[in-house]
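Think of it as A, B, C, D and E in the order they're written, each chain with its own count starting at 1.
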């Protein structure tokens, strides 16, 4: 059982690390702000969540797990919010997605 | 390992250099303030580096744990103070910059100096 | 392992610093400064300086970034391009650095337990604290009792910064001729951002709670007045960002802010005066109660409270001064 | 514990804690009264402390009841006492008599903040002078610096802002340098207490970091003390600050930095660090001479009298440093006495400037031409203080000049150089002071209204108080000279 | 009233007078009365000291201890006594004259004039009675500063410029040379008190002595040794009473008096006599005498000519002191008096002429003797005294100086005195001749004598000049004490 949990946690940790890496590459490689944000959001949602989960499994049922849980919740709240705000601000600032063909009515 | 042991000090030196350069070479006042905070951060690093003890933990005494090694609390206290002093200086500096921009219409030091030279030395 | 991680962070620090200086868009520079402070904080953490890390994160990465942005909102965003000719500066800077490096060759290696730093005063603190003050966090003990005089000075520094900024920029309703009513009402930056508002309102209570935790848990874990004050201020600032200056100033009125600024310092100093009246030296908490240890703890809690109040008040006042200056 | 034993703490606590109270007071009058009361009380305490030091020797006070080096202690010897007298005295006089000049161009809504900042400067400077802890010096240095930025920025001219910014940048660099130096010393000794450092620094095997630390501390403090060529912040700061602030700061602030320099150099470094003694003599003495020459030279051609006096301050700082760089009993005595007497002379001069500024718009020489008839009292005091600055016998300035030359005579060939420089700059002083006095009395007024328009009474009264102090301490220089001699003996007793 | 208090009173009286004058500024007559009363009472006080000094007393007064061993102290000795008596007495005469002059030319700022004058006199008393070099230096500077407003009295640009020269040279030399000299002396000897026989002997030797002497001679700019004499002609822009009392008596005499005191009480005559490195002083003085006389010969403005003649006459005193023989020392002292009487008479005359006729140039003086007989008579007496013709005071002093010179076979001195006497004659006699015997230039406006106070004053001084030839015994007795100490 412990064996299994340990394995699972490691899988999650490695997976998380992988997503973070992908997110990083994405931020560097993708063409414009929106797509980059897309990649970035990958980092601070899935990546971090997996890592946190892995650590929780490592920690077992302790106060630490509780704290990690809280962190996870807050990340879930803040991450998307930040992404949203950023995108919205960029759009209002008149930054259009690369080669986007928007209908006239929502053009800024 | 011997050199790694000194790496912190060198980073301190380099940060010092970078910040100091920004302070004296950049005419933009906000840039100067940013440089100033880097300059101070370098010093924080110097102090915190010296409080580290190998295999030690933060100086929060756990009851019952015998012969635990703790890092040195004193530099931490000093740097807590220094950080606060730093932010206070930055805040005051920024307020000045805002007022200067309102009064001169620029925050580039060389330009303000130019304006001062042009202005006849009136009421001092 | 930690050493390698440390090297990594330090290198990142240097790179960030250089980027900050080279970047010509001040907005970017400011953002990078935030990152710089976070890196520095984590660095402090691996160097076993939890309290400093917390402070640097709260003040360096949080508050100072906000203040810089507040100032940037009132000044040009871009640094003017200008021709070089700064050899003098380069020479001075290089000389300074060389001198430092010259000195560092003789310095004790990182974490060397034999270093004189760890011989003289520090061990005494670590040994005596349990029996003299009996709180786990030695940093708080040193900050609050052994070197409480420094800390008082520090509070006054913060207060001075507040006084200075208010003197220069004014604070609607307290300093200068503007009243909060003059400020634009209603939702400000985020008027068309529904999501952040909802989430923000959701988070603010937790942030306040956390501030109180940091404030009163300071004797046992990392934390204390400065960090708590900064976090508290951050919460209110968030509220101001969501709901606008005017509303924020209605929540905590300018006069209240002034009272917080001075009140904290006065509370701190008052403790000292009381100890004097009770026949001790200035800030000698031992005399507060019959049992000196309890007295010490009491004193530390009180002065930490004073610190927290002043810091929160000043940081808020400064923020409002900047934010209200714009409109 | 008796009150007398608490005095050292009260000396700093009184102004330090009155400041937040003043912030809460609304209305300029009330806040001014509170601030004045606090600084007068501080002055009284300083006098009491001085008498105690003169009779009973140095005082020591353990903050929080923790003994050094674990806690912070206040160590007040003759030198500190002199500094305390200067700081508190300057503050008390300028505040009491300066109300009119301050209210002149500052809206009432902000004055309470201004007075709070003033008290904080006072407390900060006093704290530096009193403390025996190297880091505590840094804290109080920052307290006084930040607050004095506020005071200077209160100047009516927009150039006050840029001047303050320059001061802020240079001041912070100076403080940070000092911090680096203290850090290095702490790293090698593991203590922050001056006395303790002195003991432990001797055992440090390799002195490289100590030497570098000495360098950083000296440069940092030199920045704060406006030692040539690090003085560039001073002229504008003094010129565009409110006149009363100039009078207050010019009287004491730079001297406090020099005081720390002396303390560190003689108590901590020179005793143990051969190289440092030489560093002191080799680097500081020439800088002092250059400062004297340049300061006097610029002052001779400067047209704005405040800036003129500011440059003369640069020269005077050179004098103080020169005396110290002899590292002899006579030299240090001269140096300390100079601090006291220069504070008297410059304080009076800037007070006179403030008095003039209450009636005349500009402060260029041609603006003040021929006002001797309009403001006889002010101008007479101005001439008197000027005589003291020049060093006319019978004034305080003469005493210190005499001591300085006497010290220089002991120095052999270098002494001769020093004498020549000092004499030259005294002649320069005759010239630039005379430019003012002659302009005031014999210049032809711009506008021909010769209506009697004397400055407000309190201002003139305070001005004359200080001016007469110049004469008194010129004829009966017992107090400053005794203090100076004791201080010099203290400092030298730490040399090997 | 014991002598010690008298010293204090002698210095305080003029100050009190100054305050009184300032207060009475609104009513000129009262103000003048105050001036006269002060002057007379001062003279009485000072003279009341003479019997004590004659009896060989040396009353001392220590006001305040300054730093390490130095104090603000006063003592009275023959030379100082003589100087004080001279200045205080002539102040009365001068005040009478001033009243005539200032009103005759209705000058402005008269109150300031009288106040500063009183302060200057008090400073002179201080110099005369100073017990050590430091005290003397103090009063010396006070005198310089208090006389500045008198010199710059007119206040127009030209006056201020000359006044600047006046102050610049006097203050500059005193700070740059005099003060270092004092400090050097103090460092070398550990004291600054005036000791009979000097304090330097044995402490310094060789060229150092010469150098120190040089610092003193040129540091004491008031002695107007060339090349630091420029201030004296510059000071002639002042109203004539100032030139008369201050720049013929008080200030310049303060210079030579200080120098003599330094030579006698600091160096010590015998010691200096043995110093080859000090001989240059003699030649410097001789040069000044001759050069000044030649320059005077070429002056067209009466007051400037008198100024240069003063420079020459001052160097007589220095020369006499530098001959370093007992008789010559007496000669120095006596010459201070003799020249004072003579020169003040001349200046009074010049001032009277200006007041009556607004004439300042020599060539305007043709036939003026007919219009202003009293004035010109006095002028003649003064001039004769300058030349040294019996029966005038000038002869007495010259006699002693020559005697001293012969005593030590000092041919340089003898030669100088003879030549300069000829030169003096060469520039004074033509004036007298013009004034009495040549015809007045046509078209000159008619005018009579100056206001009576002025005439009265100049007659008095002229009489004194003559009287001093016959009744100089007291002075000689007084000063022979000095010599007694020198021997």
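We adopt the following convention: contacts are C-beta pairs under 8 Å (C-beta built on N, C-alpha and C of every residue); 3 or more make two chains touch, one makes a residue touch a chain.
Keep in mind it's a predicted model, so treat the numbers as computed, not measured.
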Hopping only between chains that touch, the fewest steps from chain A to chain C number 1
Fewest hops from chain C to chain E - one hop per pair of touching chains: 2
If chain centres are mean C-alpha positions, then the most distant from chain A is chain E
Please tell me whether B-D or D-E has the greater number of C-beta pairs in contact. B-D
Grab the C-alpha centre of each chain and report whichever is closest to the global C-alpha centre. D
Whole-Å separation of chain centres (CA-atom averages), chain C against chain D: 31
Chain centre separation in whole Å, for chain E relative to chain A (CA means): 101
So what's the Cα centroid distance for chain B and chain C, whole Å? 13
Note the residues in chain B that touch 2 or more other chains, in rising order. 16, 20, 50, 74-75, 78, 81, 85, 88-89, 92, 96-97, 99
Of all the residues in chain A, which ones touch at least 2 other chains? none
Hey, what residues on chain D touch two or more of the other chains? 135, 139, 142, 146, 149-150, 153, 180, 186-187, 192
Full enumeration of touching chain pairs: A-C, B-C, B-D, C-D, D-E
Using the touch definition from the top, list the residues of chain A that touch chain C in their complex. 74, 77-78, 80-81, 84-85, 88, 92
Chain C to chain B touching residues, read off their complex: 3, 6-7, 10-11, 13-14, 17-18, 20-21, 26, 29-30, 33, 36-37, 40, 43-44, 47-52, 55-56, 59-60, 63-64, 67-68, 70-72, 74-76, 79-80, 82, 86, 89-90, 92-94, 96-97, 100-101, 104-105, 107-113, 115, 117-118, 121-122, 125-126, 129-130, 136-139, 141-143, 147, 150-151, 153-154, 157-158, 160-161, 164-165, 168-169, 220-222, 226, 311, 318, 321-322, 325
Mind pulling up the chain E residues that touch chain D in the complex? 63-68, 72, 134, 137-138, 141-142, 145, 149, 152, 155, 160, 163-164, 167-168, 171-172, 175-176, 179-180, 183-184, 186-187
Can you list the chain D residues touching chain C in their complex? 1, 6, 9, 13, 16-17, 19-21, 23-24, 61-66, 69-72, 109-110, 113-114, 116-117, 120, 123, 127, 133, 135-136, 139-140, 142-143, 146-147, 149-150, 153-154, 180, 184, 186-192, 196, 200, 204, 206, 208-209, 211-213, 215
For chain D, which residues are in contact with chain E within the complex? 387, 390-394, 399, 401-403, 405-406, 409-410, 419, 423, 426-427, 430-431, 434, 438, 441-442, 475-478, 481
